[in-house]
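I'd like to ask you about the structure that follows.
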Amino acid sequence: MRKLAMLLIALTLTMTVLVGCAKKDPVTDDKGNQSGTNSNVDDKENTEKVTLQLWHYISQGDLDDFEKIIDDFNTSQDRIEVVPTYVSRDDLTKQYTMGAISGELPDIGEADSPDFASFIELGVFEDITDMVNEWGEIDQFYEGPLSTVKDAEGRIYGLPHNSNSLLMFYNKDMLEDAGYTEAPKTWAELEEVAAKVTTSDTYGFSIAAAANETTTFHFYPWLYSTEETISSLDSEGAIGALEFLTNMLNNGYMSKEVINWGNGDVKEAFAAGKVAMMINGTWQVPSLREADLGFEWGVAEIPIDKQLATTIGGEDFGIGAGTKHKEEAFEFLAYMMNAQNNADFCEAGGKIPVRKDAMELKEVWSTDPIISVFAESLDYAIARGPHAEWPSISKAIQEAVHASFLGEKTPEVAMKEAADKVNAIINE
Amino acid sequence: MKSKFGSKRKEGLLFTLPALIYMLALIGYSLIYNIILSFKNMNVRTFKGGNSVFVGLDNYIELFKDPVFLMVLKNTFIFTIACLAIQFTFGLIFALLFSKKFPLSGVIRGLLLVSYMLPMSVSGLLWRNMYGLDGVFNTILMSLGIIRQPIEWIVSTKTALLSLIITNSWIGIPFNMLLMTTGLTNISKDVYEAAEVDGATKWKKFRYITAPLLKPAALSSVMLVFIYTFRAFDLMFIMTGGGPLHSTDVLGTLSYSYSFTQYKFSLGAATAVVLFAILFVVGLIYLHLTTKEEAS
Amino acid sequence: MQTNQLNEKLKRESRKEKRKDFILMLIALGIVVIMLFPVYWMAITSVKSDHEIFAKVLTFIPKDITFEPWLVQFRDRNFLYSLRNSIVIAFTAMTLSLSLGITAAYGLGKYKLPFHNSILLVFLVTQMMPSSLLLTPLYLFFARTSLLNTFLAPAMAIATNSIPFIIITLRPYFMSVPKSLDEAARIDGSSAFRSFIQIVIPAVKTGVITVMVISFLHGWNDLVYSMTFNVEATMRPLTANIHKFMDQYGMKWNNIMAYGMILAIPVLTSFVFLQKHIIGGVTSGAVKE
């Protein structure tokens, strides 16, 4: 018996040792930094150098430009080292939620602008109002993006990083073949052109309507073009907006598959010549320009019902709640968000700056025939939220759009149900 | 005699306890955490500063009043039972087939396992690609003249769940085959030889020898597959996100979406507890069946 | 004369056998064609260009083969780290699962324990929570035990899935091991543990190899636990790379497929290698006819 017990203990010990070996040996990343989340990075290094963890979801294409700013910051001084870590957009919400419960948050973190209000409410980000006021550059930020980092009382929890909006990309060759030299400007024209250019293997038109924030992002321009808003989803105009899109789909001008298509899927379809006109974001411009598409394309405002409308998107950065290095984190934020850096990053990545003085630094936003249309659109672009329960509001809209697209409900019934859900949340 | 018996029991416990303690420490904790959470009202509004309070059965009442939840419950059962039936049947047939020696049998069986060995994210994306309206399945079926109009696979609420059942079965059949093959190896050859001498037919041999001897292994694998399928989550998450219109939403995806998309943490926990409670009942049935089996 | 007749008969028999084998092989090949078509699709997509993938007409044989999607994987600056991490996580999870799981399966299969059924129920029950719901409590657990950002955290979480699997699968095999085998060893003076290692485990080798492969696979294919408990880029496993190929800019289908192949090939090869043992087991007690 004792022998057995001894053996078992020995086995357990061996296991512990084996597993212990696999425990993190101080891994250094390719920049030679030790890394960890803020709570377990004690400044072990002999100097007082502060290591700051930064979580972001900036994709491959923009990564070099983003990391360049960080590298420049790290070499510009010897007190602070910023270590960027990619966390996918899907994982990020989960990670922030758990970080908020356990206190394991990064020093600096990125979030999609409509999500930011929820994160403020969950206590993910620090209130940095005082630091921002002392900084004195906040007047340069556009009000739209800035509204997404404020709570109901106007306290500031982060800084906007970049903006984008939706516009219509159109295949010039296809439109010309059908006898149009210009992109359609109204809903009626859009329907007419879409009907003409739709063939057996080409859809005339496409939005992206994957079952997540994408659908809401894409429905907003149509809704707001009718002069209705998120609080009047059961209005005739709002119903009409959904009816219009549903007809585009039912008439075969738009693929039924849009309900599974994200922005990227729609771009691929457009690039392959399977879609003649698509609604998509600013960020697609650089890659479409680089690609050898074999056709000419242009960008135009989204066709209107009563007024010009589009949705503004973008990313924000905040300082993780409970960080020991709030001052240093803000120092980096202020550096990353100075006019020059903001302009450089946005130019390279096909994004629009969030600062007026950054916009003035480069001509691309006023002279580039495509980018300038996007930059102008921010004058009338609508921001989603901000609302702490935005995900639930957004879900109600998504479900209404899908129900109508799939023919499960009429646009009227779908929008009235959505209105009930959304009003209940907004009027809470 | 008695002391010997006692020491035997201790011996058995020593073999079993480490795993038991391990599982209780990690999962027992998680389970209690979720059960407690399911009786609170933790959401985006009450999260900060621990402002959530106990609300009794409110979350459960809310769930069972919600038609979406009831639909999700139905989806979960349909998905599980269909996958189980398909996977078990084909798993068993393939295991029996490949237990025979014929040219290439080993290689082919090995190859069949690929579909189980791919990471779920890849399988999900692969099938999403193939299910496209102008994807490879529709292209083949149309060129063969089997269909005129493309099948709407994961686009239509009518076919989406079925499409996921097909994909999940594709992934799961090799797993079932593997467990059944392993089960077959424990059946002694002598038994069959004896039966052959008695002139038993093939069906009789299967019915009276293979089936009963395979029963313990079969029960285990049915139980495992039931659990794995019932708590499924990844595949829907990757392929449809639970859509279109909740037609592929199951308890696993619903609880994830409550917890991490809508920040309704308590509602998410309650959904998971319902999932757990159903599996618990299934577990009791399994236990009842195996103890009966073992007693006989 | 008689031997001739016998030979004739044997020949006929063997010809009949051969024909049957041939038919079986045809059926098996049919199954393979259907079951492996998606894998074929994956393989050819992994060597197609973006242009060809998104073209209006699907190609069943790639027109221009490009190995770029494969090379992309190896050129990734973290490839070697990720490979090492995947191996460490999978082996740690497997070792942990096997050492705890097999012993417990034996304990429950061979002995009549106090609260026998309740213990069995615990093992059943503990694998019933969807992994998504384990994330938060486990995260808190690992945060408190300072295990976040170690390979032990994902490995331990993965093991909670593999251990019950091993117990449920192997317990029936241990029950079917003849008592005499074990007891014979005992008479020789072996301890319970030694006879378990030396006599019992080899007797259920096939089952052990199966659970070994599957618990390795649980670790090798894990994404969610590693991503949740280890945020550092240098601690991520190979599976984490999937996010690099799908974003708001579009889907890199060829890269995704190449990535899947690269992950599956090592496991598949080692399994086919190990399978010799399983087939050994199968033929020793195969179902004939």
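Note that the chains take the letters A, B and C in the order they are written out, and that residue 1 is the start of every chain.
Following the convention adopted for this analysis, a residue touches a chain if its C-beta (ideal position, glycine included) is under 8 Å from a C-beta of that chain, and two chains touch if they have at least 3 such contacts.
None of the values given here were measured: they were computed from a predicted structure.
Visitor: Going only between touching chains, how few steps reach chain C from chain A?
Guide: 1
Visitor: If you take the mean of the Cα atoms for each chain, which one ends up farthest from chain C?
Guide: Farthest from chain C by mean C-alpha position: A.
Visitor: Mind checking the centre-to-centre distance between chain A and chain B? Centres are C-alpha means, answer in whole Å.
Guide: 35
Visitor: Just give me the whole-number Å value for how far the CA centre of chain B lies from that of chain C.
Guide: Centre separation, chain B to chain C: 16 Å.
Visitor: Could you pull out the residues of chain A that touch at least 2 other chains?
Guide: Where chain A meets two or more other chains at a single residue, that happens at 4, 8, 94, 97, 201.
Visitor: At least two partner chains per residue is the criterion; list those residues in chain B.
Guide: Expected reply: 11, 14, 18, 134, 259-260.
Visitor: Please output the residue numbers of chain C that touch at least 2 other chains, ranges allowed.
Guide: Within chain C, residues 56, 136, 140, 192, 246, 251 contact more than one other chain.
Visitor: Write out the stretch or stretches of chain A touching chain B in their complex.
Guide: That would be residues 1, 4-5, 8, 12, 93-94, 97, 100, 118, 121-123, 201, 210-212, 255-257, 259-260, 388-389, 391-392, 395, 399, 402-403, 406, 408 of chain A.
Visitor: Provide the residue numbers of chain B that touch chain A in the complex, in ascending order.
Guide: Going through chain B, the ones touching chain A are 7, 10-11, 14, 18, 44-45, 47-49, 128, 132-134, 152, 154-157, 240-245, 259-265.
Visitor: Using the touch definition up top, name the residues of chain A that touch chain C in the complex.
Guide: 3-4, 7-8, 11, 15, 18-19, 22-24, 27-30, 35-37, 40, 53, 55, 59-61, 85-89, 91, 94-95, 97-98, 101-104, 106, 201, 262-265, 267-269, 271-274, 281, 283-284, 287
Visitor: State the interface residues of chain C toward chain B in the complex, per the touch definition above.
Guide: That would be residues 20-22, 24-25, 27-29, 31-32, 35-36, 38-39, 41-42, 45, 56, 58, 100-101, 103-104, 106-108, 110-114, 117, 119-134, 136-138, 140-141, 156-157, 159-160, 163-165, 167-169, 171-173, 175-176, 192, 196, 204, 206-207, 210, 214, 217, 221, 223-224, 239, 242, 246, 251, 253, 256-257, 259-260, 263-264, 267-268, 271-272, 275-276, 278-279, 281-289 of chain C.
Visitor: Which residues, counting only chain B, touch chain C once they are in their complex?
Guide: Spelled out, the residues of chain B in touch with chain C are 8-9, 11-20, 22-24, 26-31, 33-34, 94, 96-123, 125-127, 129-130, 134-136, 139, 170, 173, 175, 178-179, 181-189, 192-193, 196, 202, 205, 210, 216-217, 219-221, 223-224, 227, 231-234, 251-252, 255-256, 259-260, 268-269, 272, 275-276, 279-280, 283-284, 286-287, 291, 294.
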